[in-house]
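What follows are several structures.
Two complexes come next, and they have one chain in common, chain A, joined by chain B in the first and chain C in the second.
Up next is the complex of A and B:
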């Protein structure tokens, strides 16, 4: 009779090497220094988190019409509630703000339509880039179709921030591509014009460019011809971030092997065909993180318009802080602005990671 | 066939050389024309408004106070002097900011790579929060929310001879007395000796292989010699201590809140970017390098100092340069909270008072351009020096 081999069941791994205990030992308490660092971090968290929760949630006041209503000793979120309209639309006449809402909803719907398979993507893109701005401008500025005219000096709040951010991003990208191509071109005149432009802009802070836009441009134009301050500032921001964009894209262009340029030439493609069909799609894909970082930079830098006297989200909060009814609510205002800026910038950086993964075609040599 | 190709070659329209020549001539013409058009408009406008061009305004009395001045300055000094004061303020804040941001960045970058889960998470939260908030918002936060919430002078926080209140940080101000020259001489002599010691130690190590703790020894040397010089000359330093009167604190050295807010905001913001650069640099060094160093028997500290760091620095330096440049340029945001740096004094007050838009803005751009160029030249030199280690 054959003896059946029966291995005794394996012992469970030692308690120290599995589960929460092992995790703690490995990640928090692996060496004396780590033990110290862990306790130090816990202490810092203890110092920061409970008072913040107490201030921001437990003792907070959520509604009221002036600072006097905030008696609990915590955050005075009532301030945000009372000023919410202004933070969103700036000094835009309250009875006209529906125009901004409609434009925003329209934009979201148009962008959302990309997800529908039966829609022609080309027509949709054209209508977003060409038709939408016209509709939006008519809605925002008014003065036609029976809409009341609203001066651009009244535009403000998150509306102005988004306006500066979106137009800046949409306009600076193609300009940056052109500048980058110009800098890599073998025509000496085109190249030097681009190099001088890019390097001059990159050498100076944005604030000098904004001052130039608001103070110097009128001096360079003939008498009588003068355009809107918002437009001048927009041009300044766009040129500024186009120069940075150009450098990012140049990095991508340089990373494309020479064989690709030569192959495109050998196919008989013209310069623009080879750039648009062969080189740029590859180059831009390589530098998506850099491009999105430039976008984020532009969005954050749009706060600087406050210095030249425009009231974007940060500017309008700065203005509201001086309201005699709401003295001492600075932190609440900054926390609100900070949350919005952070959410948008962080969202953009995460979205860029998604696009990067989606466009990854696996040509990487591993 | 030959005819056809000849005629094809002769067609100027399709000749790449001609086309590029024509395009460039057109481009040049446009640039020259636009430049000329703007310049002539400028001249007409200046004549219309009665603004005289030139830098003669720099010699006129400024008539405005500058809050922070490291060199002698009063309201009766000239615009040129005010410009100089502002220039020094910009340099000081940029230099201190760069130093502080580097320290913060290295610590946070290493912390994010730490094998301690909690430390790595905290560093991640710090980096992701500060990187995604506008710098101007952070500056406002420090200035209007944190520093403005400090108590009034009569309720200052007091630590020994240091006072902290709304008007800034007050600390004892060292004032050199007679005989301080001896201390300075001793200090510089000890530095020279320390350099000689390090050179000697390096030579001996290459010759014999024997090591000598030159860095610790030279640090000790500098401290001992300087202290001896102090003792010999009878401690020729007196401190101007800040005094608390009924409603104010007087005397001592003051760090105004504007300065503190700009410095803290600039260095923590740029520090978050530098942390990511440091992290990327260290991750770029192949793990095999560390393993190889360990198998050679190097200690962990030597592995980091001799193997990982020199290779990581090559990846770190170029982006670090642009962060330093960004910090120097971002110091101009101090204008928004009245830190009297270049933009606030020259493009703000001077421009308002004199109306010399072209000159003041040009002057600022020139300064920033020079600053940018010199930092990038220095970093390029350093980069070249580091990359020589490549085989």
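Up next is the complex of A and C:
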């Protein structure tokens, strides 16, 4: 009779390798150098954190109408409070800012609707990409439907920052995909156009492009033919970011094994079918970190519009710092700007990680 | 198109080969990879192509659906000449299924989506119908219960069976196999070969590059031996294995059979 094979049962791990004490020993106190580094870091934190809390919270002044009200010696958050509206909307007429709020709420609601199962995702995407911008434009610019016209030179603050960031991201992504595909194409004309475009844009600083957009282009256009500065700057930012996006996406395309292209070809899929259905979904998933990197870069680079006389979040804060009533509140202003940028960029980064996890198909999902 | 219809009619009557290589030559740069290939395959024939690595057997097979371009000579598949005409290539690829050494399933799609992709987008079949057909072929390769999983969750043998089912979903007239078992663990080779034998018994026209000589003996109508870009010998399996004509063939057979 054959002897039956029975696997021996699994044993629990030794006590020393699990639990809080084990974690401390492994991560903080595993060697003399580690012990030193741990205590050194704790000491540095001890030096930094208490004064910051004292300045930012304990001794801070939260309300008041000028710098003179800030007598406690800590942060003068009253400055942020007094200028908050301006930081959000720039020079947009205060009695019209409800239009921006409505547009923002509408966008959040529409994006939130993706979570509802019964909503048709295709129609929703189309309405966000096509219908929403029209509504938003009517609301922002006014001049129709009884809304008072607001010139784009008055747009500013976080509103302008978000506008530049969102439009830049939404427009540069598809353009970047097309440029990346073009650069890898077999068609010599398409390929060289894409290569020249990408290499030219990448070889030039963003400031140069913004100057070109705001100063040079109007010089070359004939009299009477002139289009909006905001639009010109937006196009500049979009093209700039698209060139970087294209190179990130090209990296993803190169990482897809040749066999995937061949399998798609062998099935008789056309070029665009195989790109859209087979190659791009995989390539884009691979380079999500790089894409988000470019998005975050674009979002922060949009502060450069200050140079060409537009007041985005950072620009409007700098402007407010020069107010005679609030002289000496530079640190508070920059801290506030820094916090807003950090919150938005950190949010983007976390969101991208969620997407990455969602798209992971290598392991068991169900 | 009428030309093609006539050709197809001849083909059905067995008067014309379904795949016809005439003086096919191909170079990779300076390297002459296919030298004067003349070969024809009839409808329903099962061809096994073997030979040492670098002999051009994969390249020749991949010329049939123009994954590789030949530079001289002509290849006529299913009544259509293979040339730069994109329409011709697309038409042929609809009729030729292909199975690769490394499976090449699409990792971002479920098994079912892998199978229905081409029927829906190339054959313009309604989704429901495509799914029913896909499930039918998955049952044939005995893997229907995995339809909702992703390729990364399946074993190599299972993935290759899915790849075969995916090829069949195009309802092809010809199936090409490019070393389908070379990347598999030994214990998984049999399950893939079983599916291929079953397919052969149903009368599918097959061109199979493989080193599985057992498979060649049982199902092949003809075995083709290639070396250095040339077809050295092509014969029905009994003759090929028991009475090889060329010393190069004898050499090769002694190397792979005696170990």
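Here is the rule we use: the second predicted complex is superposed on the first by the 323 of 366 C-alpha atoms of A that agree within 3 Å, B and C clash if a C-alpha of one lies under 4 Å from a C-alpha of the other, contacts with A are read in each partner's own complex, and residues count from 1 in each chain.
In this text, a contact is a pair of C-beta atoms (placed from the backbone, for glycine too) under 8 Å apart; a residue touches a chain by one contact, two chains touch by 3 or more.
What you see is a predicted model, and the numbers here were worked out from it, not measured in a lab.
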Once the shared chain is lined up, is A:114 touching chain B (first), chain C (second), both, or neither of them?
neither
May I ask you to decide whether A:303 touches chain B, chain C, both, or neither, giving the answer as first, second, both or neither?
first
According to the stated criteria, A:30 is in contact with first (chain B), second (chain C), both, or neither; which is it?
first
State whether chain B or chain C is in contact with more residues of chain A in the superposed arrangement.
B
Once the shared chain is lined up, is A:342 touching chain B (first), chain C (second), both, or neither of them?
first
First (chain B), second (chain C), both or neither touched by A:215:
first
Doubly contacted residues of chain A, that is, touched by chain B and again by chain C
none
Contacting residues of chain B [partner chain A, same complex]:
20, 23-25, 27-28, 31, 38, 41-42, 44-46, 48, 114-119, 122, 128-129, 131-137, 140-141, 144-145, 148, 329-330, 332-333, 335-336, 343, 347, 351, 357-358, 361, 364-365, 368-369, 372-373
Which stretch or stretches of chain A touch chain B in the complex?
27-28, 30, 34, 37-38, 41-42, 44-45, 186-190, 193, 200, 202-208, 211-212, 215-216, 218-223, 296, 300-301, 303-304, 306-307, 314, 318, 321, 330-331, 334, 337-338, 341-342, 345-346, 349
Inside the complex, what are the residues of chain A that reach chain C?
257, 259-260, 262-270, 273, 277-278, 281-282, 285, 359, 361-366
So, in the complex, the side of chain C touching chain A is made of residues 65, 67, 90, 93-94, 96-98, 100, 102, 104-108, 117-118, 121-122, 148-150, 152-153, 166, 170
